[in-house]
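Here the chain labels run A, B, C and D in written order, and each chain numbers its own residues starting at 1.
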């Protein structure tokens, strides 16, 4: 157990550790993208970008920059040996068809039954924009969420029921936060399906139960928090 | 002899009428047919419904088309971006209607139109605000939403190379919506960087067969953006 | 007007004459395949074969034969410059999506409203097999049927209502027979939608009315029987 | 290091259980993975549901699999051929069940399974015997039939070249069902003529990305057929 909550860098490292060799992975825009910096170069992980590529390499710099080779965040990237390009219907068919092993996404909220909210604040007057968020939520075999556990106001973002507009129902399987890792068993009753598998920075299962208001299962000593490919 | 090569971008878009539905390829700048969009602005057809993943960036291309007042409706997945100020303002002023579609459903609706599918059930969006008012169905225990094909009168796309039959290859992630939009429009117009002799494109590697392409125009020189 | 009914070769020539340059065309298995022998080599017609190719060339002979390059009838063929290969879903999407200009098919029967029967005799004990017949019937912009007008028993195969199992409804636009060419206007009432545009070998509109039992419209002097691309 | 290369065809099919649904690529002989089929016959799993465009030709490959008594059901578009005597006899004797699907609907059902579509409306087959008992719907004045996705436990396909990530390219019209079957099966096994080093296949020209392929086996030597 760490002595301080994880930094964002440490969170990205922690997520990276759960991505096994050979996994086909989509890293969402923003914080999840940084996970790629911590994938062990000695193990091959095959990154998907929904605008039409598998085998995406690191961000492009200098002469490598090619405006025709970008990721979903519209950042110039590179291609690894073994890469392939395809059109949007094929790319999203790949996602929707359940072929990606893992998607790593940010979230506004996650519910105890794995419902995800990450596309729309629901604020009046805001212009709706969804992009590929809903496709990623329903498509990947495992959906990892990477988020700070509380809002700036101190409210838990892991909740019994979403108050933000839903992106996908029952889709999140694991949540990485600065204070704990949570596993969601969507086959269990919503309230009892959430386990705490790791704690960081002095958080306790009891303190997290209080914060979230959920009857969290203590799995910190029993669960090996690693991911094997299905 | 069949030749789909058209002399210039202005001739290529000259018959797009007011009120047309026009698909425009590209994801961000990659694959955006900027010179065809500029020609469309010069052409001046109004009341257009535009299908694109986004709703324009900066003050060029699609953003400029919106700014020019020619767009009545946008169908897209992600209009709100850091530099989508032109769309944002037009939308808030009520000058442009917006239909937001999840990106994969947008792609699949375009593909369905090209493939003659009357509609399909997709899990994407089920149980969300974007499924409200749509038919939904539980199939094998999973929730799905019914989505309809999305047809267009014209598609403006950007490809890398073409031959005179309209066979196309693309470049890297600039491929994105081009191949499916080409199938979904009554008239598809491709701006390309190079026209090669017939037979030079390897039949194994043609991405868009010429059957889906009506006009090819070599995009020479610099676009406004 | 010819003085004898058309031979099968002449029928193929007659169909070929109605295929304009630049047309994307699928020639069905059997008699329709022979139309390719009569396409003017000076005009480019782009042949589709539903197993996954556009720009199909003539039948392959000798060293040209490649078991990986066949047509829908499983005959070895060649590829023209400008050809392209694609998978089955793309190939049938191309058909179903209405991208082919013309399909030329054989038929057991065609109805006055353009319904086509060509896949199944309905005979008891026969093993059903449909292949791409139904896809071609509904997909092409124009469906040309090439058939002898009567059965061996002398019954008309152009009928008011199909007695054979249907392949596609309201899809046939033109029928080429040894004694006449018929156009079907599927927007008209079934019984009044069929015109005779050409006669061969001494047939008359009156004799055809008697044979078919249909109130055929005489368009032999008014209709230019050529096809322009839509 | 990721490697999907398997040593031989027998190892590749060793875990196919009785009762599995197995897609087999090919249109006639083109693209038929004959050596994988021969291995499947040696393996001896029974009660199989086989998805293929046809129902076997002559006395080899799929025909031999049927003759060996391992096939409980065929899903195909065109079983009856001049040399389909093995299937014909098994069908007439009631040993093999048959589901006939129009060829394009078969392809689209396979593609739908791979793309996560819950079902779709197709105009093909509307108003025919093959639509009996199926949901139908008039959309924009045209008749459509509802078709469901077709999933498989295994797909056996033939490709031309592969790399160790399982990226595939095909050869001419032997491509046919391979790319879509690869997407629709839980486990896809490809027999190929050549394995090339990673990076040798041009990313623009990869037809089946390795994400859809679980095992690659070099088909050396001569198959029984």
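Just so we're on the same page, a residue touches a chain if its C-beta (ideal position, glycine included) is under 8 Å from a C-beta of that chain, and two chains touch if they have at least 3 such contacts.
Computed from a predicted structure; not experimentally measured.
Student: Any chance you could check whether B-C or C-D wins on number of contacting C-beta pairs?
Tutor: C-D
Student: Pick from C-D, A-B or B-C: which interface has over half of its contact pairs in common with A-D?
Tutor: B-C
Student: So how far apart, in whole Å, are chain B and chain C when each is placed at the average of its C-alpha atoms?
Tutor: About 34 Å, centre to centre.
Student: Express in whole angstrom the distance between the two chain centres, defined as the mean CA positions of chain A and chain C.
Tutor: Computed from C-alpha means, the inter-chain centre distance equals 55 Å.
Student: Between chain B and chain D, what is the gap in Å from one C-alpha centre to the other?
Tutor: Whole-Å distance between the two chain centres: 33.
Student: How many angstrom lie between the CA centroids of chain C and chain D, rounded to a whole number?
Tutor: Chain C and chain D have C-alpha centres separated by 30 Å.
Student: Give the residues of chain A that touch two or more other chains, as numbers and ranges in rising order.
Tutor: In chain A, the residues touching two or more other chains are 53, 79, 85-86, 89, 92-93, 95-96, 138-139.
Student: If I count partner chains per residue in chain D, which residues reach a count of at least 2?
Tutor: 108, 111, 115-117, 122-123, 170-172, 203-204, 207
Student: Among all the chains shown, which pairs meet the touch rule set out at the top?
Tutor: A-B, A-D, B-C, B-D, C-D
Student: Which bits of chain C are touching chain D when the two form their complex?
Tutor: Residues of chain C touching chain D: 49-53, 66-71, 74, 79, 85-89, 91-93, 95-96, 120, 125-135, 138-139, 165-169.
Student: Once bound in the complex, which stretches of chain B touch chain A?
Tutor: On the chain B side, the touching residues are 27-31, 53, 77-81, 88, 91-92, 98, 100-105, 107-108, 110-111, 122-130, 143, 170-180, 207.
Student: What residues on chain A touch chain D, complex-wise?
Tutor: Contacts found on chain A: 21-22, 24, 44, 46, 48, 53-55, 79, 81-86, 89, 92-100, 138-139.
Student: Tell me, which parts of chain B touch chain D in their complex?
Tutor: 108, 112, 115-123, 137, 139-140, 142, 144, 148, 169-172, 202-205, 207
Student: Spell out the part of chain B that touches chain C in their complex, as residue ranges.
Tutor: 1-2, 111, 113-117, 163-165, 167, 183, 198-199, 201, 203-204, 206, 209-212
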